[in-house]
Structures are given as structure tokens and as C-alpha cells.
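In the two assemblies presented below, subunit A is common to both, partnered first by subunit B and then by subunit C.
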Partner chain A sequence: MHAISQQLSPTLGCYGIELLEADTFDLRCFQALTGTKFFVVAEPGTQGLDSLLKNVYGLYVDYVLKNPFYEVEMPIRCELFDLSLTQLIRKDKGVIGR
Partner chain B sequence: MADAPKKGTLRAAYRRAADIKPRDARTWQVSLNAFAFLFSEMVQYNQTRVDNIAELEHRLEHAGYGVGLRMLELLCHREKKRSKASWNSLICPQHPMEIALWKDSLEKGTENEDEYMISEKELLVNRFISVPKDMGAFNCGAYVAGIVKGVLDGSGFPARVTAHFVPVEGQPRPRTTILIKFSEEVLQREARLS
Partner chain C sequence: MAAPGRMRCMYIFNRNGVCLHYHVWYRPLTTLSPQQDQKLMFGLLFSLRSFTVKMDPTSNNKGHLGVPQLPGQGCSFHAFTTNTYKLSLLETPSGIKIVLVTDPGMGDLREALRYIYSNIYVEYVIKNPLYVPGEHFRCELFNAALDQYVKTLK
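Up next is the complex of A and B:
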């Protein structure tokens, strides 16, 4: 998707998709310096997605990269990552609003 | 022959290393992230060289054993007040080394005479590690168990030390218990001394 948006972009120096607003959903992307991309799909008009993605990146670094049983580029099956992710979403629900 | 080492020479580097006083070393702090990455790499390194989980645990324990032996010497060096007599008996007073490491006394196991336990909410080494389900009851706390074993062996209390997960009701993460099973000769010595 990133590659497609880079080619479609009308301006020069585009790094890829960052925000996609549609009728029924919002799609936001966060790209780390290493090229790892985090996507979140939410209801239209949701605020605070940017900081949410940054927090998820922090969790990824902690619970996935420091896990000796995780191989890079494989699907993430780390119990701690899932747990802390649900906690983060639940905590932010009050802030983000619905 | 120069009387003062010039900046950037090897002698200058040695002089700077020697400037580190022992009292500074005690308050040095190491980044948790750095340790977590190092430990993760250590587990991965061993994983490629073993055939099964029991062997992996054994290797981690062996790694911790060396650390325990050396830590014992270091703690002895820093201990000033305790007398030598406290080292002989296990029951009373509690083993001073465990207190130095955990600030908690050993708990006595309920099933057997020779079993003691140290219970922790979450071991530091396990903080970022999620063990996949197909590895069963594998616990990276085997490293910590190795450290404890090294400390006990070095001070004359040979034991078999293992780390176990103990599920707790109402909490998603289990507690970790380090089980210490002392060998026969220790119990016999205790019986003779008390």
C-alpha cells in the first residue's frame, strides 16, 4: 500500500500513506525510522490516533523485540504484547471517546 | 622514557581505567533495555545449540551458576558487619546471602523438609519475555535459579534449584517461585548442629 501511494502521490518526496479518511472508517499509519509500519483502523473522526500508534510502537519495542522467541518479520504471537495492547486500548478509550 | 603518558596512548587508557574506584562501582547502573537485549540474545544463542527444552534450561542455569559463584565473593567482600557464625546454620539466622539478594527470608515449603521457596511477582529477566505455548513450562528464570545455586553451592549448601511459574487467581501473569531443594548432607549437618 505504501508503494502504491508513493507512486500515486501528486507531490514529490512522498514517503507513503499517512492518513486515509473514508466514509465508514479512518486509517492512520505510523512509520518508524527502520521502516516498520503500524496501521490503525478506527471510526471516522477519532482523535488521538497518532499518539496511540506511538505508544504501540513503544510496546512493540519492549515486548516483541526483547522476546528471544520472536523471529523478525514473522506474525507476532507474544502474550505480553497482546495483554499490554488491550490494556492500552482500554485505557485510551476514555480519552479517545468511543 | 616519557614521565607522563600522552593523551590517546595505551598507557593513558590504562591510567583512566585504573581511576575507577571500587566505591563508584557499587553505584553504577546498567540500562534495563541493554540487559534485556543481552539476555534475549543469550537465550537465542543457546536455543540454536540444543535439541530440547530441558537442555536449554540446563544451559541457562549453568550460565547463572558462574554468576552466582562470583557474586558470592563480591557480596562477602562488601559484607562487614555479619560474623562468620551466621554462615553455618541454615535455619537460624536466615542465610545472609539470600537476604542480601532478595531482602526477604526464605519461605519454608510445606510438602518436604528439605524444600525452601523464594516467591516473586515477576522476575526481572522474564519481564519482556513471552514464552510460546508449545514450549510448555519453560522458564527463563532458570538463569536466576542458576545464580541462586551458585551462591548456595559456593557457601557450602549444595542444593537443586529450579524456577517455576505459579498461576495466581485474578491475575493474568503467574508468579514465579524459585524452589530450593537442599541435599542430604546439608540436612544432616543441620540436624547435628541444632
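Up next is the complex of A and C:
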């Protein structure tokens, strides 16, 4: 779907869908330069998802990619990554106000 | 060449995937032939709709990916944004899909799409006695009214 949306672009330089707005949720996508895509599903109209995804990317780089036992393209099973992710969301929950 | 405002192009599809109308304002890049482009657009809308129903966090997963959804059944998306364009969609209960491709900075176009459907499409096309439903149409009055309305959106 990312590729199809690029083909339908009226101008050059489309990287694919970044935000999908639906009735009951918003879906935001962050695409790293390597092609790895990060998605977050949230309530419609949630602000700050863009920076949230960039922070998640930062955590991914620190806890997953720099982990010497992690094999690229395999499912991620790093406890520290999960923990810091939960911490990040809890911290942001306060900011977003829920 | 100055870009005329924020509108890029518009598609109108019926429930069978027939492109009833394609209107272009400013489209510097077209990678495919019109038929392929329209088929691809309809296909993308169909897939995104199935995807949205599956991804809906508020309902228990019902339906299988790939099963056509009736208009109004399940969760539907009304817009998506990329770094070069924003696509806004209105699907009516009769299965008519109006797709508006604009500049990415455009705001919520749901009201505008509803206006285009009820005050322009219905008035100038559906109520036209010469129009055969389910076919591609070309109507000067429709184009004029659409251009005029779209100017007010900028």
C-alpha cells in the first residue's frame, strides 16, 4: 500500500503514507532511511505522535540494533526495549492528558 | 508556472469501481495511463478500507481481509496524508466514492466533500435527465460549479 500510494502521487518525491485518519482511530507511520516502518495507532486527533515515533526509533536503535545478540529482520524479544517503550508511553500519557 | 492553489485532482467512482469522473487541476507527475491510474486508485481505496476495518482497535476483529465491505459497515478511513499529497475520501451509502487529492497542508475536507456530493454532483449529474447511471460523465455545468466551489476552499 505504501508503494501504491507513491505511484499515485501527483508530484515527485513521495515516501508513502504518513498518516491515516479513520473514524475511530488515527494511524501514523514513521519510515526510517533503511525502510523499517514504525506504526502507532491512537485516538483520532492525538497530537505529538510524530515525535513519539521518532523517540521510539531512538529506543529501537539503542536497545535493539546495538544489542549484539539481536539478529536483524527477526522478531524483537528484548526486555529492555519493551520496558523503555512502556516507560516512554507512560510518560507521554501524562503529556497527552489521558 | 504558478501552482493553482491546493487542489491536485479528483476522482469519482461508483460501487463497481467504474470511474465516473476524473478532474485534474494541477498534476505535474503522472506515472500511469488514465485507466491504470484509476484502477490503481480504486484498488488502493479497497485495500485501505479492508485494512482499516482490521486495524480498528474499538471492535472485535470481524470479517476477513479481502472481503468487500458495504458502505457504512465497519470502520472507514476518511483521509490519508503523505509527504507530497493528502487524499480525502467520502463514501456515500449508495457506494459512490469521491476522492480529492490535495496539497498535504490541507485541513479536514469532509464537509467540503459532502457539499460537492450533495450540491454539485447530485444537482448537476444525478438530476440531469440525460445522464445514464454507472457511466462516465462529462458535464460543463458540473465542471464550472466544481471549479467555483473549489476556489473558495483555498
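The rule we apply is simple: the second predicted complex is superposed on the first by the 93 of 98 C-alpha atoms of A that agree within 3 Å, B and C clash if a C-alpha of one lies under 4 Å from a C-alpha of the other, contacts with A are read in each partner's own complex, and residues count from 1 in each chain.
The working rule: contacts are C-beta pairs under 8 Å (C-beta built on N, C-alpha and C of every residue); 3 or more make two chains touch, one makes a residue touch a chain.
Since the model is a prediction, treat every value here as computed from it, not as a measurement.
> Have a look at subunit B and subunit C on subunit A after the superposition and call it: clash or fit.
Taken together on subunit A, subunit C would fit alongside subunit B, as the superposition shows.
> Identify the partner contact of A:Phe69: answer first if only subunit B is touched, second if only subunit C is, both if each is, neither if none is.
After superposition on chain A, A:Phe69 lies in contact with subunit B alone.
> Roughly how many degrees, to the nearest 10, is the angle at subunit A when you join its Cα centre to the Cα centres of subunit B and subunit C?
Vertex subunit A, arms to subunit B and subunit C: 170 degrees.
> With both complexes overlaid on chain A, does A:Leu27 touch subunit B (first), subunit C (second), both or neither?
second
> Just to be sure I read the superposition right, which of the two partners does A:Ile89 touch: subunit B = first, subunit C = second, or both, or neither?
The answer is neither, since A:Ile89 touches no partner chain.
> Looking at the overlay, does A:Val41 come into contact with subunit B only (first), subunit C only (second), both, or neither?
Only subunit C; A:Val41 stays clear of subunit B.
> Of subunit B and subunit C, which one contacts the greater number of residues in subunit A?
Result: the larger residue contact count on subunit A belongs to C.
> With the two structures laid over each other on chain A, which partner does A:Arg77 touch: subunit B (first), subunit C (second), both, or neither?
It touches subunit B, and subunit C stays clear.
> To be precise, I mean the smallest distance between any C-alpha of subunit B and any C-alpha of subunit C in the superposed model; what is it in Å?
Across the overlay, subunit B reaches subunit C at a minimum of 29 Å between C-alpha atoms.
> From the superposed pair, tell me which subunit A residues show up as contacts to subunit B and also as contacts to subunit C.
none
> For the complex, which residues does subunit A have touching subunit C?
Within the complex, subunit A contacts subunit C at residues 1, 4-25, 27, 41.
> Taking the complex as given, what residues does subunit B use to touch subunit A?
Touch residues, subunit B against subunit A: 33, 36-37, 39-44, 47, 128-132, 135, 140, 172-173.
> Looking at the complex, which residues from subunit A come into contact with subunit B?
For this pair, the touching residues of subunit A are 62-63, 65-69, 77-81, 83.
> Quick check on the complex: what are the subunit C residues that touch subunit A?
Of all residues in subunit C, those touching subunit A are 8-9, 26-32, 37, 40-41, 43-44, 47-48, 51-52, 55-59, 75-85, 87, 101.
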